[in-house]
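I'd like to ask some things about the structure below.
Note that the chains take the letters A, B, C and D in the order they are written out, and that residue 1 is the start of every chain.
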Amino acid sequence: MPTLPGVHLKDEITKISQRLRELGGAGERRGRSDAWEKVKLARHAERPYTLDYIEQMFPGFIELRGDRCFADDPAIVAGLAAYQGRTLMVIGHQKGRDLSSRTYRNFGMPRPEGYRKAQRLMRLADKFGIPVLTLIDTPGAYPGVAAEERGQGGAIARSLVTMARLGVPTVAIIIGEGGSGGALALALADRVMMLENSIYSVSSPEACASILWKDAAEAELAARALMLTSDDLDELQLVDAVLPEPRGGAHRDHAAAARIVKEALEDSLRELELMHPQERRRERFEKFRRVGVWREDGLTLF
Amino acid sequence: MAQRISVDISRRGDNEPDGSFNCPACGQRLNPGELAENLKVCPHCERHLSLTAGERIGLLADEGSWSELSASLRSADPLEFFDLRPYFERIEEAEYDTGLTEAMLAGTARMHKMEVVLVVMDFRFMGGSMGSVVGERFWRAVEHAIETRFPLVAVCASGGARMQEGMLSLLQMAKTACATELLSEVPVPFVSVLTHPTTGGVMASFATLADVIMAEPGALLCFSGPRVIEQTVKEKLPEGFGRAESNLEHGQVDMIVPRHELKDRLVQVLGMLEGGVACALQPLWEEEAGPPGGGGALAKAFGRIKSFANPSRRPPQG
Amino acid sequence: MPTLPGVHLKDEITKISQRLRELGGAGERRGRSDAWEKVKLARHAERPYTLDYIEQMFPGFIELRGDRCFADDPAIVAGLAAYQGRTLMVIGHQKGRDLSSRTYRNFGMPRPEGYRKAQRLMRLADKFGIPVLTLIDTPGAYPGVAAEERGQGGAIARSLVTMARLGVPTVAIIIGEGGSGGALALALADRVMMLENSIYSVSSPEACASILWKDAAEAELAARALMLTSDDLDELQLVDAVLPEPRGGAHRDHAAAARIVKEALEDSLRELELMHPQERRRERFEKFRRVGVWREDGLTLF
Amino acid sequence: MAQRISVDISRRGDNEPDGSFNCPACGQRLNPGELAENLKVCPHCERHLSLTAGERIGLLADEGSWSELSASLRSADPLEFFDLRPYFERIEEAEYDTGLTEAMLAGTARMHKMEVVLVVMDFRFMGGSMGSVVGERFWRAVEHAIETRFPLVAVCASGGARMQEGMLSLLQMAKTACATELLSEVPVPFVSVLTHPTTGGVMASFATLADVIMAEPGALLCFSGPRVIEQTVKEKLPEGFGRAESNLEHGQVDMIVPRHELKDRLVQVLGMLEGGVACALQPLWEEEAGPPGGGGALAKAFGRIKSFANPSRRPPQG
């Protein structure tokens, strides 16, 4: 059974808020006090990116490109990987490391064609029974005029249903910045995991601060409030696992980080591959169906 | 055709004692009574002013046919979110100001006698933002549509995900997308109506996953809003950026429907998707004796129409 | 049973060439001598276009627009029609009649987004069991740089497989100019019919002449050689039926032309709707599988 | 890796007695022997000169593994087509010049021991145009691939539909598209290789319907060719219009593969699509004891690999 995100059980009602209050004030909670540190680590310029993991884990990687409609989007890298006697479809956001690669990769911010490439290749993977691994690391979808005109919203939405439909096992790992809808578009998976120092957020702390505090400088405050660290999301039961990083952070040892990701992937596939496609699909729907915390008839359900 | 809405004036402050105010588009003086008569479309410039959820239901639902679903759901505060004010305070204020329980109402209604599941968003409720309750109400509305085989109409107006619920909000995109996928499998027709403004997470989930997407004239429809684009990537916005008309030209919506035609158009499209001519406006099937052939799509269509035209239609058994 | 295009029957071998030779020289054949007249009629400026048929046949037509990716292409019109107690998805090329509408409609020459809109709406029709009617009238796909860059070839190819996959009944009627791949993209249907004065051609006579005769002025000659009239295609058994036009041609009486199209549509649907989706699909594949004339083991097969 | 091809010099006229000629791209003098050594890639400028069907088979198929399918098919002349010369005369000339029976050869072959169905086009045969025989050979190749479950590789080079067969040619687009759809249903992996030039009907049918699309560097790949665009719509063509590199940037092909890497890359991709690591170059599965889990995709993958790695693989029964 997969971990249940935001479990919704009428007969086992626990008040998260109460428990949290017992654990201390908002600022003191486990995971919250160091939120800004985590944001900085998640964005660390030497943190391993998707292509670094690919290099470490999948020597025979063959990149597949293009959405067949408009362009190839270098902000998303995708392709076939030979791995432990099986094939994987690996799809991930790719930030650049130096100035020119950052520009080329658009800082890891996909345009609609990036999501459409991902959808095309997920359908290809599904056709041949190839499990899908997504590596998530983006500030968010690119907020540009032309990207909007080409249907950024619809492209993300269709990524979500494409992932919902897949019969093959899907594993999503947030390796750095899990920024908003641009990240979620690749994360509707059977298993969603976060590296210890990654973040996963409804909005960047800066954007949140400028909207709610009317001051982008309050980003630190926003980072704590948003509950975006791996501990926070583990506590909210919105991820299936948090993967510990090498001492000091993934940027200190790319090879070790890759080994951790690899193990998590293998464990997940070992479980998922024993299930029937319909069973995986059903559990996937159940899992995302249960996401949410609300009150009903005076009770808080989550 | 002569649908009316009773305008609920929650706008406070700058309007005159008689309730009149200036059209935000053309500046002409607008009188609430006349405006309601014209479905809150400015008679001078055709600007479609925002409708509240109640007004929208009044516009679309046959009189007395609205019945709310999931009414008892209320937001919780799982993150104990506190920015300048606590989340609960903001919710209470929104409830007080709007008389609503959340940014989305879900229910069943009849439209020209056609039974539908109708969800309606209200931008006044915390910017129409999508949190756990919106997602859960949408999911239950879909479940109800699947059980009853009533088509689903979603009228959207949203600023995006509700930040105060953090990742729980973002994941409502995944949740509502899964819901639309379930609808597709049956299939039950699903039409979305995008009204001013629909942005962010709603545009990137159920709003753009409908079988047919309608937009109100002039509505701003985008994922990243104009301000974000200007601030983040310093791009100059073209005239009419993100508006319904631009979306139509760029292939993102099926049609732009003026408000006074919306109900008729919805019924026509839903009826056609149901597999036959089904709207009360053009009951062509009554002129037909019956299916000329035997089985096939035609007979199937007729079967659908019958159950559909019959006001006593009930959920299929089993 | 549908008419078999280019029937391929080993045990019933007929030599088309021989038969044709018996009927007279190439120039004298039935259907060939007036090929150029037909070309002119098919392109007649007052000939009814897709929107004229829609106006005549489907008063409750609701246009649906957009490919959800890049643009709405006005060179292809598509939408839902209420018709005789059933719903139809009607999709057709639309030429313009006056200068401004010709420009707006790009003279009926679709760009990739036109084909993608058609594909989207065919899938929508399939989802709800709605039969598809296509009306074909185009000089061809638009030969422009940007259209090529957005994948004109792939867009047409995917239209073909989309039509091949459909479970619903599909009827294609060539109402004017059936120009090359741009026309074929909407014509992979259960029933393919031509109006008497329409043409359906692998290439425009002008383009053919400039390639083969190195002289576009030889278009008349090319028109005869290409066998592009309805009689020619009937003879080659590449269409299921030829629909007679009102006296003088469809442009003389739009209402009468619409009645003829309507009858053909009804007759086709009456047959097709009695079949199971898989049966329709199987016959559709069989039909296009058999297209071709070749020699094998010294015999001409067709 | 050190694949060789035996160049067949059918080019007549402007070359020197020793067979040397100038590179059409950079103008450097090319010696046929050296050129063959370099797989007909200009050593000075990397221009990939066209390969004949025979050379292409020599490049891709393991020595002695090629076995032709549908070899007895020949073009007929159903239209009695006559432009400046009769169609039959053009065919006979093409047969004489190329030593081929048509613009496409179909067969089975092994590539690094992997059994494949291979179809190869030759631009010299009437511009690689697609008529009835090309369509029928493609269809039969697909049928063979479905029967044997061998993956399909199609190396394209074509000017489009063959005008001399009129609508019979155009409809080969529909026929080959249907064929790829049948492949998809099984599914059998299908990779196309687009070589210079691939245009017209082939680009608008099977070539762009492959699971993975590879292109040779510099190849012109488009539906409407540059001349048509210039003449018809008078548009100025951008630098590199329609070339493989432009297609890659515009998302139309998956990758550009230099000729000397083509065979390895094909085997890798086909092997991966078959559900597991399958290329002889990276036999990772030999290091594995066996499937760790029970059923599921992994075991399936292993099953596939086994049948695949086994040179005596036979068509599945039933």
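Here, a contact is a pair of C-beta atoms (placed from the backbone, for glycine too) under 8 Å apart; a residue touches a chain by one contact, two chains touch by 3 or more.
Only a predicted model underlies this, so the values are computations on that prediction, with no experimental measurement involved.
The chains touching chain A as well as chain D are C. Steps from chain A to chain C, taking the shortest chain of touch contacts, total 1.
Chain centres here are means of the Cα atoms, and by that rule the chain farthest away from chain B is D. The interface with the greater number of C-beta contacts, when B-C is set against A-B, is A-B.
Centre-to-centre separation of chain B and chain C, using mean CA positions: 39 Å. Centre-to-centre separation between chain C and chain D, using Cα means, comes to 29 Å. Distance from the chain B centre to the chain D centre is 51 Å, each centre being the mean of its Cα atoms. Shared interface positions of chain C, i.e. residues touching 2 or more other chains, are given as 68-70, 150-151, 154, 158. Across the assembly, chain D contributes residues 184, 208, 250-252 that each touch 2 or more other chains.
All chain pairs in contact, by the document's touch criterion: A-B, A-C, A-D, B-C, C-D. Those residues of chain C whose C-beta lies close enough to touch chain B in the complex are 59-60, 62-73, 80-87, 113, 117, 124, 127-131, 168-169, 269-270, 272-275.
If you check the complex, the residues on chain D that touch chain A are 184, 187, 189, 208, 211-212, 248-255, 265, 268-269, 271-277, 279, 282, 284-285, 288, 291-302, 305.
The touching residues of chain C, counted against chain A in their complex, run 68-70, 112, 116, 150-151, 154, 158. Those residues of chain C that touch chain D in the shared complex are 5-6, 16-17, 20-21, 26, 141-145, 147-154, 156-158, 160-161, 164-165, 180-181, 184-185, 187-188, 200-203, 207-208, 211-213, 221-222, 225-228, 232-233, 236, 238, 284-285, 288-289, 291-297, 300-302.
Chain B contributes residues 72-84, 131-133, 135-136, 139, 161, 163, 165-175, 177-182, 184, 200-201, 203-209, 221-224, 228-229, 232-233, 235, 237-238, 241-242, 246, 250-252 to its touches with chain A in the complex.
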